[in-house]
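Next come two complexes built around chain A: one with chain B, the other with chain C.
Coming up: the complex of A and B.
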């Protein structure tokens, strides 16, 4: 594989975490415009922990996930009782606040005679843990996809369990779920925290893949993209969001067919697709059909 | 100090007038369709880019540029309506919104393919310097902005409260089911409201780029975000709320910029929105039944 292909595949893996994070909230019936904030929290905190404090990546990733979950919990606490668009707007406001805070965040230390750390709008250079350890791009690709596979297995297990049924029940009809004795608010807070942790893990991996991050990486565009990925791929299965990312980053950017016209092609494709499949390619019906067919 | 405060208030009201216009268009679409149109700003941007293209190619005059902005924005709006909202009329609001985001990407790339530079000059409304009123200054285009907003509000008020079409629009906003039952042709209302909202947005966009004297590819996202923010501050789907929200947003931004600088200015606006949503989700200006 050439380096370009490895780069594209790694990116597909990275952004799949964010798409999964949006997907998790969507099936619980909430549309978040702000998952990019937790992706950013993961990227910044993971980067600071490895580049400045010299922590190993696994430990930094765990800490970043905890932080992402905590941030999502704190945002969710006052907002999750809001419905639909109000929640979407509140998460958008929170995410834009986070992006501006990244712009104001300066925390530079001299390491090996070089200034390292977040420098406001100038971004955060020198997140080189992967390169200092001599990990090849192939190795990192395997790491990203290995983690993604674990996340997917986790999703499949959850969807088969009582927990998954509860999740879909809340997404379909929160009032009915409440009357069945489900504590909807507490459950949604848990879901939001899990989605935050997932996005943060993607962020840590993104920061260490790019070695350089800047506040602009985590703007509203990224958030709406992640929503679009989940919705194009389909809300029927956790493989759906992955399919959405593959379609955008893999097929359109990776193939370089539509160079210069990528957004026109992708945008048109998505809009037309949604007319025929408003809940994505792999929606609940399609997944049901596939399951009946192949089991 | 007092002079500065008053000057900031004037500046805030000026930009707030532009926000109010943006929010009016956004709110009309939201109120009638109950859908968020993320492509609202990018359609305005495409309109302004079309005008800029004519300016670059043919040195078209101010009025011609305004007409081109209007025509191109309404055309782009019609495209958005056909592709993102007409097919999803009785279905998922999320799908319609994500589709409008997809078209956002299209419109933005189209605009930057036609005019690839990061910045283009746009002819100013008035070439002279700012006008002085005692210790205060006010730019001439700011006066135009305020005047156009006031006229647009009055015209819209008359249209909505004095015409049969306006009656239909208000009926659809307040009671969509009952409106359909009494025989209002909903698609007919939707299409016209979309065109009206695009026209208002085009006006706002034209005034904004003419007073900034430049267009950049940020205009699309900027217009959508500011329109949405002002609408949310005023209360979802309320037309007087859109005006109040727009002016409030302008004032908040002008004052917090003067006290704390541009980054904190944006932070304050988002923080207030967040706080408002958490504490009082129906908005500052609530009318009966305007929020479902």
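Coming up: the complex of A and C.
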């Protein structure tokens, strides 16, 4: 596999964590424009833990996931009282606040004669855990996709369980779910925390892949992309967001012949797709049809 | 005692010298084709030009991370010691994080932030100040 293919597949894998994070909230009936904030929390905390404190990546990733979950829980406490567009706007505002905090965040230590750590708008260089251990791009690709596979298996198991049915019930009609004795608020907070942890895991992997991060990495564009991927791929199954990422990046890479115009053409395609399939390609109907056909 | 101290200082100094990382600068000029740039990379270590390195050049947009997949290219040795040439095929104008993956005498990854426009590329500044390398 050449460097280009490895790069594309790694990016698809990394983006998928964020798309799955947005998907998890979408099936619980909430549209978040702020998952990039938890991606950023994961990237910064994971980077600090490996580059400054010398923690191994697995431990740093676990700690970053916990921090991501905590941050999402704290954001969810006030915002999940809101509904629909108000919730979406509140998550966007929270994510912008997080990005500005990253711009103000300075925490540097001298390591091997050079300053390492977040330096506000100057970014955070030297997240070199992967590089210093001689892990080649192919190995890192396998790590990213291995973790993504674990996440997907977890999603599939949850969706087949009572918990999955409860989540979809809350997403479809929260009032009906509440009347059945489900604690909607508590469930949604749990979902928000889990989605934050998932986004943070993606962030840790992104930071170590890139070796450099900066606050602008985590602006609204990333949040819009993650949401769009979940919506394009479909809300019927956890494979949907992954399909959305593959289609988006695949279509963009496949249309290089249009050079700079490909972004415009692609934006139009997304708009048309969402008009005809508002819940994505693999929506609930499509998944039901596929299950009936192949089971 | 004095010999031990001297030995320790020498060890520490040599450790520091070995840990010095490579640095690089970029000079790019726009070609006749949109978004394609001829670039010269100047690679150095400890202030000395660093020749014989194998450089793979990639790029990503900080404002749209992971959305652009620029094909990585191998840089060729340039006219002077420590110089390398590469043709970058970007997706659009704007700020790019150019990623240099080094192999050979040094194994490293350097990120260079440059703003690409119709003429060429210039280092990115934040609040009027150049970025720390």
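What we mean here is this: the second predicted complex is superposed on the first by the 288 of 295 C-alpha atoms of A that agree within 3 Å, B and C clash if a C-alpha of one lies under 4 Å from a C-alpha of the other, contacts with A are read in each partner's own complex, and residues count from 1 in each chain.
Convention: a residue touches a chain if its C-beta (ideal position, glycine included) is under 8 Å from a C-beta of that chain, and two chains touch if they have at least 3 such contacts.
Please read these numbers as outputs of a predicted model, since none were measured by experiment.
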Under the superposition described at the top, does placing chain B and chain C together on chain A give a clash or a fit?
fit
So, does A:227 touch the first partner chain B, the second partner chain C, both, or neither?
first
A:7 contacts which: chain B (first), chain C (second), both, neither?
second
Applying the document's definition of touch, where does A:158 land relative to chain B and chain C: first, second, both, or neither?
neither
Tell me which partner A:264 touches in the superposition: chain B (first), chain C (second), both or neither.
first
Under the stated touch criterion, which partner chain does A:206 make contact with: chain B (first), chain C (second), both, or neither?
second
Spatial angle chain C-chain A-chain B, Cα centroids [nearest 10 degrees]
90
So, does A:112 touch the first partner chain B, the second partner chain C, both, or neither?
second
Examine A:217 and indicate which partner it touches, taking first as chain B and second as chain C; both and neither are also allowed.
second
Per-pair minimum CA distance [chain C against chain B, superposed on A] in Å:
6
For chain A, what residues appear in both contact lists, the one with chain B and the one with chain C?
221, 260, 263
Can you name the residues of chain A that touch chain B in the complex?
26, 31, 78-79, 82, 84-86, 88-90, 93-94, 96-97, 100-101, 103-104, 220-221, 224, 227-228, 231-232, 260-264, 266-272, 274-275, 278-279
Can you list the residues on chain A that touch chain C in the complex?
3-4, 7-8, 11, 14-15, 112-115, 119, 121-123, 125, 128, 131, 134, 206, 210-212, 214, 216-217, 219, 221-222, 225, 249, 252-253, 259-260, 263
Within the complex, which stretch of chain B touches chain A?
36, 38, 83-84, 87-88, 91-96, 98-99, 101-106, 108-110, 113, 221, 225, 228, 232, 236, 263, 266-267, 270-271, 273-274, 277-278, 281
Interface residues, chain C side, partner chain A - complex:
16, 19-21, 34-35, 56, 58, 60, 62-67, 69, 71-72, 91-92, 97, 99, 107-109, 111, 113, 126-127, 131-132
